[in-house]
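I have a structure I would like to understand better, so I am pasting it below and will then ask my questions one at a time.
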Amino acid sequence: MTAPAWTAAEMMTIAASRQLAPDDVCFVGIGAPSAACNLARLLHAPDIVLVYESGTIGTRPDVLPLSIGDGELCSTALTTVSVPEMFRYWLQAGRITKGFLGGAQIDRYGNINTTVIGPYDRPRVRLPGGGGAPEIASSCDEVLVTATHAPRTLVDRVEFVTSLGHGRGPGDRRAAGSTTVGPTTLITDLCVMSVDAAREFVVESLHVGVTRREVVEATGWPVRFVSDLVSTPAPTDEELTTLRDLQARTERAHAAR
Amino acid sequence: MADIVPLEEAILRFVHDGDRLALEGFTHLIPFAAGQEIIRQGRRDLTLIRMTPDLIYDQMIGMGCASKLIFSWGGNPGVGSLHRLRDAVEHGWPRPIELEEHSHAAMANAFDAGAAGLPFAAFRGYVGSDLRRVNPNIATVVCPFTGEALAAVPAIRPDTSIIHAQRADRDGNVLLEGIVGVQKQAVLAATHAIVTVEEIVDDLAPPSVNAVVLPTWAIDAVCVVPGGARPSYAFGYYDRDNVAYVAWDAISRDRDRFLSWMDEHVFSAPASDPAATVPHTRELPR
Amino acid sequence: MADIVPLEEAILRFVHDGDRLALEGFTHLIPFAAGQEIIRQGRRDLTLIRMTPDLIYDQMIGMGCASKLIFSWGGNPGVGSLHRLRDAVEHGWPRPIELEEHSHAAMANAFDAGAAGLPFAAFRGYVGSDLRRVNPNIATVVCPFTGEALAAVPAIRPDTSIIHAQRADRDGNVLLEGIVGVQKQAVLAATHAIVTVEEIVDDLAPPSVNAVVLPTWAIDAVCVVPGGARPSYAFGYYDRDNVAYVAWDAISRDRDRFLSWMDEHVFSAPASDPAATVPHTRELPR
Amino acid sequence: MTAPAWTAAEMMTIAASRQLAPDDVCFVGIGAPSAACNLARLLHAPDIVLVYESGTIGTRPDVLPLSIGDGELCSTALTTVSVPEMFRYWLQAGRITKGFLGGAQIDRYGNINTTVIGPYDRPRVRLPGGGGAPEIASSCDEVLVTATHAPRTLVDRVEFVTSLGHGRGPGDRRAAGSTTVGPTTLITDLCVMSVDAAREFVVESLHVGVTRREVVEATGWPVRFVSDLVSTPAPTDEELTTLRDLQARTERAHAAR
């Protein structure tokens, strides 16, 4: 088939944006989540509340931030609070409906490693660390995960559980002391997966032009597919145009500085 | 009462080898100039504390100032790794560095507890995280009313905290606004506090009676360092130099390139030269 | 998202017999109009929570709305006793009232813990105080790092909190400034929150990006009640009516005089009549 | 002797103001403490930092507040913080050098009752309660006490310890877990007392025109006097004029509302 008129990264961002409802309160990370959240705001969820861990609440950036604490986030926010208040009054208190997480390693149960590859005391790769993730994973009503689909990222078992997903299956999350739902959806550049009864990510829709085999080869565990597997709806013109305009504005703004 | 003094003097007086030191700033108002003055003064064996160690801690670690890092996220925001931090952790260059690793929630609560004069902070966190396994400073407290088990971490009490703020008045009262991170907490948690500011004004003129203002008697030294937060930004004064953050990735990947960059941009630039406090925007390759 | 509704409707929807209710305001921005609407609606068996129960709680207690009071200082600020509260405690009139008594530090920490979703608050307090003896909700927690014993109190989690603020925008976002007490904490600690405001504006125009702003989605109802904090004050709108506070002493000392004052100033004045929300300044003997 | 040209209340306020140093950070209560602190600020301690529990820091009111949270306190403050922050970051953290307390009952050890007269469960008089006092008593470096001198106020033993002074003598305060000095000085309308080695208030100076006998009769415990008892210096013209101007401004301002 001919190449689609969009990139895999665009498809991932658009698929992620569709996961967001107009009344969501989102804890937004940098990168794909930030693009997806702001795309949703510019499309079907104009009143969605975007919260960044730097303390900005109800932010409406015209361009995407490069860092979690860009001035744009603050100047377009309803209000900006201290970081302790953000983590205590807003995240811990259970006011966030959806949190976005990514990571260097993600396993089938949505456990995420952003700490270290190799032994903790003698790491092969020292990653940036947990940041807000451990408590985003446990305090948000629901967690959405995004990742570029590759075997080294979607691994059979994370080497270090920075942020708890579903442990090793049903009951583990509750046993660890969590009362929230945890990861429900994994959005990649190949497909959308959702958590099934075994608390495992299974593929529910393939992006246009992606085959089952490509997904199997790019996944570090023996990935399963739902019986009623569907095709992810292609990006609409409006979705693509809005996303590209946002990214063009962003590039112009950051290059100017 | 804070003394209004040159940055060199403030660092000489309040930063010593072996100190526990917090240079705070959550992306915004990062005290770069102060960190570079510490490098120039050759401090050693520092315990560096910060939620988000970024380029300035990468520089301090790369120059061998630190023996320990207490942190929750150590990356180049929006870019990638801190290569000097990684080199120290992965290869012990220029010296090994001990890590005490937390989550943001833990660090934010620990700074808050420090500011409040409490010995520890309790919060709902580290649920199912392996960080509990590798950090002995993560404990448990039980609610005496509900029986719920909560995570607990020790309060952060730096010997000295350093922040950058928009302005101070002539008495040394300080105002900061915008993304204020944990800077107020860092200052109030510390034994000594240094604030570098963009300018001294006659009247602080807080935009709101509830603005973030630090009284002069809660601070030891105020230093006028225009551009002292570059390449990070000062809300209302200058923007973030995103290009400098991106450029740091290549500079910091290589030990020799890093050292020659430091030599040119930090050691050849005394803190008393205002232009020297903004080396990144002058000199970075683009 | 908060609904912008008349005060009667907000009270009908969110205040029920038996509720745990906090009407907060630390001298400033006390929600008098809302409290008087609760009296008019005849609510009973309320647990009233407030650091500084003052005239509006004196009125609610005197009218028999409350079966319990959780508080830390119950007086007429700058004047003396709350006579209706004293009559309820000392003589059970019009009905007995149970007291859960704390210090300000305990209540402030308990509201903070409620806002943070924690089950309890730990603080350094009640040292050598007999309040520990009479309040079983004062416990001890031990720091897992230092062994220090700290006081602990349960988080305050009202069914509904009510505050008064300067203004809201058309989406129901609320701004308050000046002496802000524990109002933000009270709202965030509660299951439901009502905010009465002086006015609705097109643009909230916070004076500072860090001003005290409550997002509409953290509130249930916003009610426009100009003068709704009188005889207390609204910074930037009107001053405290000190004369009314002094006059209350004589009015409240006598049961009959109290009842007839309530009849004239509260029951004959519907909340929808804006003038009725400022009875004290219209009618108090001077 | 002829009546002095000032009232006993004025003498008390002036004597209290003299206890304050230019570099003090004071936690101020309403009434006599507020007058004393602001008088000190207008006289010998222009840079004294006045903190009110309502959250105002570095306040410089032109007129005395009637309540702890008057708008005047906020509009003349360096900054105004929330009440939780006031009690956590400023009082509990040990940033206050001197706290002022008063009470319905005060005993020789500086223990204070502002809770109840009679049994707690069946009080003869229900007092307003502790408010900020229990932690002011334990967290300020030093506590100053003011009271109108009368046997029902300065009692042999308080019926309820709302705020700990020195317990029943040396060592009690430390045993209760306090690391601060506690009450050091009691300023009344008759005299100034200071705490001796037995942790008991003893009279160190008598106000002009006051006799030992008057003090003995007005004190609910067998009061002692220091061997080098002195006379409290009479108010200076400047002290009296400044205090009276302040009070006149205050009366005019409050009557106008």
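By written order: A, B, C and D. Residues from 1 in each chain.
One rule holds for everything that comes next: contacts are C-beta pairs under 8 Å (C-beta built on N, C-alpha and C of every residue); 3 or more make two chains touch, one makes a residue touch a chain.
All values reported here derive from a predicted model rather than from experimental measurement.
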Does C-D or A-C have the larger number of C-beta pairs in contact? C-D
What whole-number Å value describes the gap between the mean CA coordinates of chain A and chain D? 58
Whole-Å separation of chain centres (CA-atom averages), chain C against chain D: 28
So, what's the distance in Å between the C-alpha centres of chain C and chain A? 41
Which residues of chain A are in contact with two or more other chains? 74-75, 80, 88, 92
Do you know which chain B residues sit against two or more other chains? 116-118, 123-124, 178, 180, 184-185, 206, 209-212, 235
If every chain is a node and every touching pair an edge, decide which shape results: line, ring, star, complete or other. other
Touching pairs of chains in this structure are A-B, A-C, B-C, B-D, C-D
Chain B partner contacts - residues on chain A that touch it in the complex: 30-31, 53-56, 65-71, 73-75, 80, 82-84, 86-88, 91-92, 115, 120, 123-135, 137-139, 160-164, 167, 172-173, 176-178, 254-255, 257
Considering the complex alone, what residue numbers of chain C touch chain B? 116-120, 122-124, 137, 139-141, 143-146, 148, 150, 152, 154, 177-178, 180, 206-212, 235
Which residues, counting only chain C, touch chain D once they are in their complex? 26-28, 51-52, 71-75, 77-79, 81-82, 85-86, 89-90, 101-105, 108-109, 111-112, 123-131, 134, 149, 178-182, 184-185, 212, 233, 235, 239-243, 245
With touch defined as at the start, can you tell me which chain C residues reach chain A in the complex? 1, 115-118, 173, 185, 188, 204, 206, 209-213, 215, 217-218
Listed in rising order, the residues of chain A that touch chain C in the complex are 23, 25, 47, 49, 57-58, 74-75, 77-81, 88-89, 92-95
